[in-house]
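These are the structures in question, set out in turn.
The same chain A turns up in both complexes below, where it pairs with chain B and then with chain C.
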Partner chain A sequence: MTHPSSGEALAKPVPGGLGRLLDHRVLLSIAVLAILPWLLPSKALAVNVLIYGVVVMGYNLLFGYTGLLSFGQAAFFGAGAYFTGIAIGRYGVPWFAAVAIAVFLSTCLAALIGIISTRTRGIYFSMVTLALAQLVYYVALQASSFTGGENGLRGFTVDRISLFGLQVNFLDPVNKYYVLMAFAALAMWFQSRILNSPFGAVIEAIRENEQRARACGYDVERSKLVVFMLSGAISSLGGCMLALHLSIVPLDILHYQTSGMIVMMVLLGGARSFFGPFVGAASFLILEDVISLWTPHWQIFVGAIFVLFVLFLPKGIWGTLLDTLGIGKARR
Partner chain B sequence: MSGELLRAEGIGKRFGGFVALEDITLSFAAGQLTSIIGPNGAGKSTFFNILSGVLTPTSGKLHFRGRELNSLPQHRFVHQGISRSYQITNIFPDLSVHENVRVAAQALTVSFDIWRNRARLTELHARADAALDAVGLLGKRGDLAKFLSHGQQRALEIAIALVSEPELLLLDEPTAGMGPEETKDMVALLERLADKRTVLLVEHKMKMVLGLSKRVVVLHHGRLLADGAPDEIRSNPDVRRVYLGQSEGYG
Partner chain C sequence: MDLSLIIMQLLSGIALGAVLVITALGLTIVFGMLGVVNFAHGALFMIGAYAGLYLASLTGSFWWGLLLAPILIGAFGMLIELVLIRRLYGRSIDDPLLLTFGLSYVLVEGVRIVFGSDGIPFPTPPQLIGVLDLGIGFFPRYRLFVIALVAVVLLVLWLTLEKTRVGLIVRAGARDPTIMQVLGVDIGRVWLAIFGLGVGLAALGGVLAGPMRSVNPEMGSLVLAEAFVVTVIGGLGSIVGAVVAGLMVGISISLVALFAPEMATIVMFALMAVVLLIRPQGLFGVRGRTA
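Right, the complex of A and B next:
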């Protein structure tokens, strides 16, 4: 272990050789995502990695960085998708505006659920988020004239989009991938900004020691609410991407199984790591693809692998890799 | 009184049917080290938790620099100038030593800013390092806090409390669980601190308390038993009966 001598570089946080790469984590992550369609067997899989990566990244802000285990993140994923679809299909809103509206409304939903759930702690928080997310599920199921009920939301196909005066065929998988990647890049930039900000330090302090954070002078409850909303906003953007990608919104994405999948993805990839959510989403989706070819009971195997990860690789694939390379012990 | 910093007026605290504190009236002047002692269960920690806003008293009033604190939520106490350490080590284990103190310094200025880069708030880094220097931990600034020794963690806790430049520093058994060597370092640190600011100390180690404090307050069964200079306390028959006479250190 090396320490800076006390006179110099006092204003600098913890140093590190390879750790410098973390200063460019957004650009590096974008670079990896840019070549992803050619690394994976199909473009459809790559798009799913993008979408779930963004959803899980938003969740990572809440679970990984703040230490709040929510079982209801599907509510915001679904809300983003439904609001986008309804705005385009029912009200004829242009696609880009629809995404902005959907993220805004989903953030409001996160505020509502957050106000109730962040008053509770530990297992109660998990249960309240689960219950409220299921409430959202049943609202979507019942309000079928808006949402299509159990058939899912249909009838809002986005086939051509105009970008800076250019007409782009959105049905082409490569075009679609890169348009959606721009959203993922935006989300990553925003998340990185939050993590580097003073507020990013507050949520880490709350994760590490809530009582101490309060004694230091932080309004812990309000901070939790704010991070809950930020997390919901980022995850909802993943929902918007899903709606644009599929041109339908299946009711299933609001189900608690989706919330569970989000938790599994973040743990597989590595909670508290910046790129871990994308690694987790990719690993989960590849496992699902590969194992479901052999057996319809793929979930048994994914479940077993998940348990092994929790027991032996608690930092997930990406977190363990970074540790092994000695990158960024204090921040990644 | 001109130099009065903190006044507790008829403070009482009940937990259900149990009376933890009853009618405590005390005034603390600025710029001295006062110790609060008493056998286990005397109400010392409860009193400390009230002074730092963790608990709200069931009766009585708390005034700090003329302002009433009763209705204030705990996280506002630091902003008023009251900062504390805990009996059981209470740090941010998975953050670096430097970040432990830096984040505490940050609490007084920015908390909901999601835009600026915190690495550029250089003033906070400098203040954190100054506080680490004051407790002798500057050389460990890059280590994760959980890897420090017990004594170093206790010192880190004081740095966390100190970095807010509190007018009143509340220290809850800063030498708890320490060996003789570590205790000696801590006593030296406490003496340095007491030179510059008002310190309230809860301690079990009698010898240390009597040597260190200008004033000693003795609690017993939630009531005020004695209050005076160390010499008066040493010779007070009530104190000898409930506390000193029983055993050397741990009442």
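Right, the complex of A and C next:
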């Protein structure tokens, strides 16, 4: 039986070989990420693409697929990083358990912020998420005995990790990249499962027409809260990856400029496409790298490029590419 | 605690709130008319402060800066509406927000290029230096002036909106732009003027805040969050709401700073969370449009 808005109804078969290929979007994405360090000029850039890609992917669940423009995603990115660092540095928790604890606590934070912010609609939602994320920023700034305040969180270093009895040198950039890529792969599999589930169809129904979704009997408020938490959970995993990568957590990670950067990345790459967030993160970071080579004022160019994208290329690089190739929405 | 100290702190809060009211008012008027939330509002506040400072040093008088900066930046705002925002009417409500966010990057970095990244002190006008004896304590003259000026601006705005033909067109346009067009009003020109007014108010807030905080390229980001909190508490699009909520936030920040300074910035967000839980549309907001 096919329910009117279950996954099957939305995922209409699309003819064409390219479209078929995207059925395996998780495997394809992993394959691209696996060769990424050799495509980009530096390993450090590749790790950043991986980390921001996961953060932006989680955000895409909220903005791209559910249509909720949040300006507070940095709260969860930062929470993931801070909780990981505090668990390892202050309580001596093993790194893997620290990541699990951090994602759990960040999801609880997302529940708290979600309960307040999902009560509002439209523009209000953007303003309220921004304000509540700034609240998290100021709390982290004030609670300096836990977070290190303005200096950021220091004093935890993961240099060596054991994987199934195997000792891996985590200071080696290649090792680090592939360990972190395992997390990214997990996040991608999880996100793909959400999108393919009936719940994935419900959130897209909410984006297309909230009134109608409500009339169909779906609990819109609860779905929004759940998707807010899932999105926060995935983005917080990116934060955990950042903490493991840098061995410090800068306070700026919680600032709303970071939330804004996440919004820019998703739009540059293409909201509502599976691989778009990684394309967006890569484009943004490469742009930053290249422009800052000849001027410290790279932000003026990034801002201008973003304005042009909003005006003329609202579907982003990847989304526009998929459109041009005629690949259907359901397979993105 | 001493009662007179609390009253003095209350006055400080009103001065702080007055700047918030002017800034949030610009945001809320533009939303009420155009349905656009201007994310560059904080950046334009900051540019207003720089323009005031620059014009004051150019003319040698704070008063010229205070008068000219809002007009100049307001005109710049009209240019922004004409060239950028206008293209987005009829598209998703998120698009103007995203565009103005990108714009704020350009504006902040532009100011860094022209004036440098470091903060610049904004001298208090010589006539307003010092304190005034209020009987129960001493209060900075400049802050009293800010309270008085904002009260006058509010009165003029209110009279214009309620008592003049222009105000009638603006109020009717906010309710139903289509009918206004049918009646022969060029609604595009009204929107242009309102956007300019909103940006001008942000710039005025920036100039007024200048002598009270230091002027730097990042000053707009906290202001934007503050203005958002005020408009959310008051109800987006509500002028009365912006005034009441602005004073409320200013006074709470001041009073909390007296007892627990480290909580001062946090209290306004907590206030907003409480209001949202009780009245998601804000104190004076209309239910249905935004919440």
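Assume the second predicted complex is superposed on the first by the 312 of 332 C-alpha atoms of A that agree within 3 Å, B and C clash if a C-alpha of one lies under 4 Å from a C-alpha of the other, contacts with A are read in each partner's own complex, and residues count from 1 in each chain.
Quick note on the criterion: a residue touches a chain if its C-beta (ideal position, glycine included) is under 8 Å from a C-beta of that chain, and two chains touch if they have at least 3 such contacts.
Here the structure is a predicted model, which means the values were calculated and not measured.
In the superposed pair of complexes, A:Gln299 makes contact with chain C only, with no contact to chain B. In the superposed pair of complexes, A:Asn151 makes contact with neither chain B nor chain C. In the superposed model, A:Gln142 makes contact with chain C only, not with chain B. Touch criterion met: A:Arg214 reaches chain B, while chain C stays clear of it.
When the two complexes are overlaid on their common chain A, residue A:Gly260 makes contact with chain C while staying clear of chain B.
By the touch criterion stated above, A:Gly122 is placed in contact with chain C alone, chain B being left untouched.
Judged by the touch definition given at the top, the superposed model places A:Ser42 against neither chain B nor chain C. When the two complexes are overlaid on their common chain A, residue A:Ser162 makes contact with neither chain B nor chain C. On chain A, the patch touched by chain B and the patch touched by chain C do not overlap at any residue. Every residue of chain A that touches chain B in the complex is listed here, in rising order: 1-4, 6, 10-15, 193-194, 196-202, 204-205, 208-209, 211-220, 222-223, 226, 230, 329-330. Of all the residues in chain C, the ones that touch chain A in their complex are 31, 37, 84, 87-88, 91, 93-95, 97-99, 101-106, 108-110, 112-113, 221, 224-225, 228-229, 231-232, 236, 262-263, 265-266, 269-270, 272-273, 276-277, 280, 289-291. The touching residues of chain A, when paired with chain C in their complex, are 69, 116-117, 119-124, 126-128, 130-132, 134-135, 138-139, 142, 255-257, 260, 263-264, 267, 297, 299-300, 302-304, 306-307, 309-311, 314.
Residues of chain B that touch chain A in their complex: 52, 54, 73-79, 83-84, 86, 90-96, 98-99, 102-104, 106-108, 110-119, 121-122, 125-126, 129, 133, 138-144, 160, 164.
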